[in-house]
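Each of the next two complexes has chain A plus one other chain: chain B in the first, chain C in the second.
Showing the complex of A and B:
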């Protein structure tokens, strides 16, 4: 299954899907986008993925932004996303908001919607305000597409997306094994492809992939790492880690495990069920404000997946991770989990990163330092 | 003075402003008060209704640090960085919380640790996280609120749930501060604050309006000294209203008598968002060319309150901030008043840039500007977002725009001061202006 190619061919896929189904395509940025509602309206939700490309366009429009935000503008202004009929932004990162604003100002004919998802996710009233916003979004989509989004259609969409989450989780669970059957790069390629494809189609591919994985022999015994930090847009870092004798066995990325970690628990009020799902998912820094759940979630993943160490990879100019890292570093240090911190943009400078990662891997290689094997030392 | 066209003189209310600022600074070091971090409300300063609560933000403390003591500010930022903070985080936060890690302030006094925090998510990402820092550092009490927004025409029905959300969280916070710190909130005083805020807002808007006249009675340098008073620098309702009325009256008199902030005014320029706090001298430098800075939508009381009306006149923006006729009988009433009837208030100055790509064009028009100068800040997302596009739209409208790079309140060495001065010379000369001393 060449998931990497699928993610690379996403523009062609979306254009073909449109031609094949006659449906509309709505792109989105934030993984908090309630895809189920769009899907219920017969829309293909496509995550805008950034890539690495020399850019002489975005500088006119945006300054100081993270590179993914710049590249999204670059791709759009180069006409790569001409198939897009609508663009939705969910309250989140400000650089992405700037990209949303530039794109929609450049193409006023696009259906555009800003969905407010509280940054204060834990308030008693957060679910009510989000439910209200979801109702507004449903109305806007109905007006745009001319289709009713009935409860039955929502039920179907929720079932398709829950199935998708379940399959991704089952594949993720295989990574707990001492010698996982899949590598971190394969896994990340799969997740990225998943975010640009029709979920019903993707579910079929995932089932097939799961069967393939179940028939595989255990992989190499490697240093087990966790990836923390800003969203990733390709699997280059994972590949580099693998070339050095490590394997990313779990991540805490917004477009990684956090994307599928919790399902929608169906209830009579479908929109409330969706509101609770999106407010209850593992949060990224912008949403992890009051009740700080992110550091503990990271620790749980580290324990559950028996990681030897963590890589914290921050996009340059990512203010949210830049401020959240204090709590994450502190937790990792307190619990003696070795970590390597690095900044990156859309590309990974291979030689330099390899050198630093090699030094880090030597540090966590079992027996090399007092930190190595931290998770095996507990005496009960 | 060469090139003088208007009479100029210092403001009479300078002394009063300095005294008020000093009293605010002293209040932060008062050990008998409970010091919190965060925001209260731009106009309704609810902390004053508690017997001994002071709420301070990391701004303006962090902003001033690089200007007052750059060596200390660098140490503070390093202390943040080694604990995980990004290099590009806004210096307001990096400076202030770095000082917290060091345990002292720039003048060597113990860092005033916060006893509670009120993180208030805002359209600036750095601000979203600011209130969290002192809570991550130490287990203090915290209350959070939300900054609600959406894009497009106002939709009052859509706003109902947003307003309920914000009101609930504010009410919860005030009630819990009472329980946690054992201090009674005086509702009568809260109502009085709400009544006073109507006046405060009116006086601030008047001052802003007077700056649309030529010559401008104030420059942005003056405004920066005043706009915190009653805003972020909490001084109490009576003092705030008295100060702003005094200032309003004096500025009105200056307009009537054509008393200029810059006697040689012949070029009016605007900015967008805060300046490089450690290099404010560029304002004075521009005066050598007879150029006066009128400020930005940021300095004009955070709301860019003026707009061009259909009949061509300049008037107050039509969106509601507070309901002047609202009756106040309960604490909930006061909270609803503070939040206001508009779920997107009070940060219109930021939303404007998303809602209306031409927001700064209107600002330039209202203030009769000739040009604009924008800092492109490498640290502080809220101050850099949309800036390039705004500059492009101003240029399309015929304004001359000069951009320069720096790090705002962050690292001073990130701003090449000599290069900026060269850029200013080139900009002015390209517009046919010479230094008045050379004329």
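Showing the complex of A and C:
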């Protein structure tokens, strides 16, 4: 199953899907986008994934913003996303909001919607506020597509997405094993592909992948790491970790485990069920303002997946991640989970990053046994 | 641009003793950095010889030359070495190395060798990176940080500045300490801008409300280095509860460790006096690699 290629071919896939089904494609940026409502309207939700490409286009639009936001503009203005009929942004990151504004201003024909999601997700009024926002979103989609989004259609969409979350969770659980049958890079490639494909089709592929995994022999005995921080858009970091004798066995990324961690619990008021699901998901820092639940969630994952250490990888200029570094660092230190903090952009500069990771893996290894981690010199 | 001002002096030393034949295990470490290369030879755990050279464009050649010089002139050859460990940015290019080890662990071990067992925090002020390393009481790395942004606080940028200003790299630090006050530091994010800003402080003083003296300009520039390095050190995990952030066990390694204009300012800000060594602090990586090579050879 070449999920990496599927994620790379996402633009072709979306264009083919449109031709095949006659449906509309709505791209989205933020992990809080309620995909079920769009799916119920017969729309294919496609996550905009950033790439690393020389860019001479975006600077005049949002100079100095984070690299993913700039690259999203770059991809759009180069015509890679011409299949896109609509673009939705959910309240969250300011850089991404700027990218949304630039793109929609450049193509006024796009359906555009800005969905407000409270920053204080667990205040007394949050669920009612979000529910009303979802109702507005449903009405706008109905007007745009000319289709009614009935409760039956919402039920179907919720069922498809819940099944998708369950399958991803089952695959994720395999990583708890002492010698997981899948690597961190395989897992991240799968998650990225999952976010750009029709979930009904993807669920079939995930079932097939699960059967394949169940027949695999246990993997290598490696240092078990957790990946925390800004979203990643490729699996390069995981691959580098694997080349140095480690394995990312769990993550706490917006487009990683946080994407699928909690299901929608059905109730009569479908929109309220969705509101509660998105307000109750593991939060990124900008939505974690009341109780700072994120550090504890990170710790629970670290315990459950028996990690030896954590990598905190923050996108340069990411203003979300960094706001709660103090809380995450303090908790990891208090509980003696070694971690290494680094900043990166879209690329993973190999020598510089390898220097950090080699040192960190050696630091972690020494905790388990004696100082080891010798790398026999490669034949050049 | 004349490059002689930014060129720090190379150094080769050997004990010249033929006693190495009776000594215990002989190991070598080679630290190939982006701007400098060191080789250190240890006989029975004691320093026998070393070389500290400019790296140049060829990592592999620099490593070989440094090792041959460190072997000295008393008959020791590469064949007498039980193990050679490479480290540094160019470690994968060291043909004669049996193994490689990351720079963080090598500098940590080397610092304990050079500065004593009391080392708890190491600041490796290298040509391209600044690494802050915190150690447990025993020989184990507890935490480390590496600079993310570019190069203020890195040796290579100081070499360039010295060439631009026509001041020797060995003199700029002491001269900066002649300043009666430390002016505001220059830009601390980008070394190219920092150097341009420093040059600008010399130009057209009539436009400055309060023109700086030469020593103050150097102080302003080196204070920016100190500030940047402090930022990396400050991100390390705190020492045990109740202890201050940095205790007396601070050691500087790397080329900038020899610049008092930087190290004194860091000491002043932290309120500590760093440990000293009779050996060149640039050797820490190579010595650490040689020590770790001995451990590996012994199967420890």
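The rule is short, and it goes like this: the second predicted complex is superposed on the first by the 365 of 380 C-alpha atoms of A that agree within 3 Å, B and C clash if a C-alpha of one lies under 4 Å from a C-alpha of the other, contacts with A are read in each partner's own complex, and residues count from 1 in each chain.
Basically, contacts are C-beta pairs under 8 Å (C-beta built on N, C-alpha and C of every residue); 3 or more make two chains touch, one makes a residue touch a chain.
Treat the numbers as computed from the prediction; the structure is a model and nothing was measured.
**Q** Which holds for A:316: it touches chain B only (first), chain C only (second), both, or neither?
**A** It touches chain B and chain C both.
**Q** Given the touch rule stated above, what does A:358 touch, chain B (first), chain C (second), both, or neither?
**A** A:358 sits against chain C, while chain B stays out of touch.
**Q** Using the superposition on chain A described above, determine whether A:262 touches chain B (first), chain C (second), both, or neither.
**A** neither
**Q** Given the superposition on chain A, which partner contacts more residues in chain A: chain B or chain C?
**A** Here the partner covering more residues of chain A is B.
**Q** Touch test for A:97: chain B only (first), chain C only (second), both, or neither?
**A** Touch status of A:97: first partner only.
**Q** Is A:328 in contact with chain B, with chain C, with both, or with neither (first, second, both, neither)?
**A** first
**Q** Both chain B and chain C contact which residues of chain A?
**A** 316, 329, 341, 343
**Q** Give the list of chain A residues in touch with chain C in this complex.
**A** Spelled out, the residues of chain A in touch with chain C are 316, 329, 333, 338, 340-343, 351-352, 355-356, 358-360, 362-363, 366-367, 370-371, 373-378, 380.
**Q** Chain B touches which residues of chain A in the complex?
**A** Touch list, chain A to chain B: 59-65, 91, 93-95, 97-98, 101-102, 105, 112, 114-116, 118-120, 122-126, 128-129, 131-133, 136, 285-286, 289-290, 292, 314, 316-330, 341, 343.
**Q** Touching residues of chain B toward chain A in the complex: what are they?
**A** It is residues 80, 83-90, 93, 119, 121, 123-126, 128-130, 132-133, 135-137, 142-152, 155, 158, 160-162, 164-165, 168-169, 172, 353-354, 357, 376-378, 381-382, 384-389, 392 of chain B that touch chain A.
**Q** In the complex formed with chain A, which residues of chain C make contact?
**A** So the residues of chain C in touch with chain A come to 86, 89, 92-94, 97-105, 129, 139-146, 148, 235, 237-238, 292, 295-296, 300.
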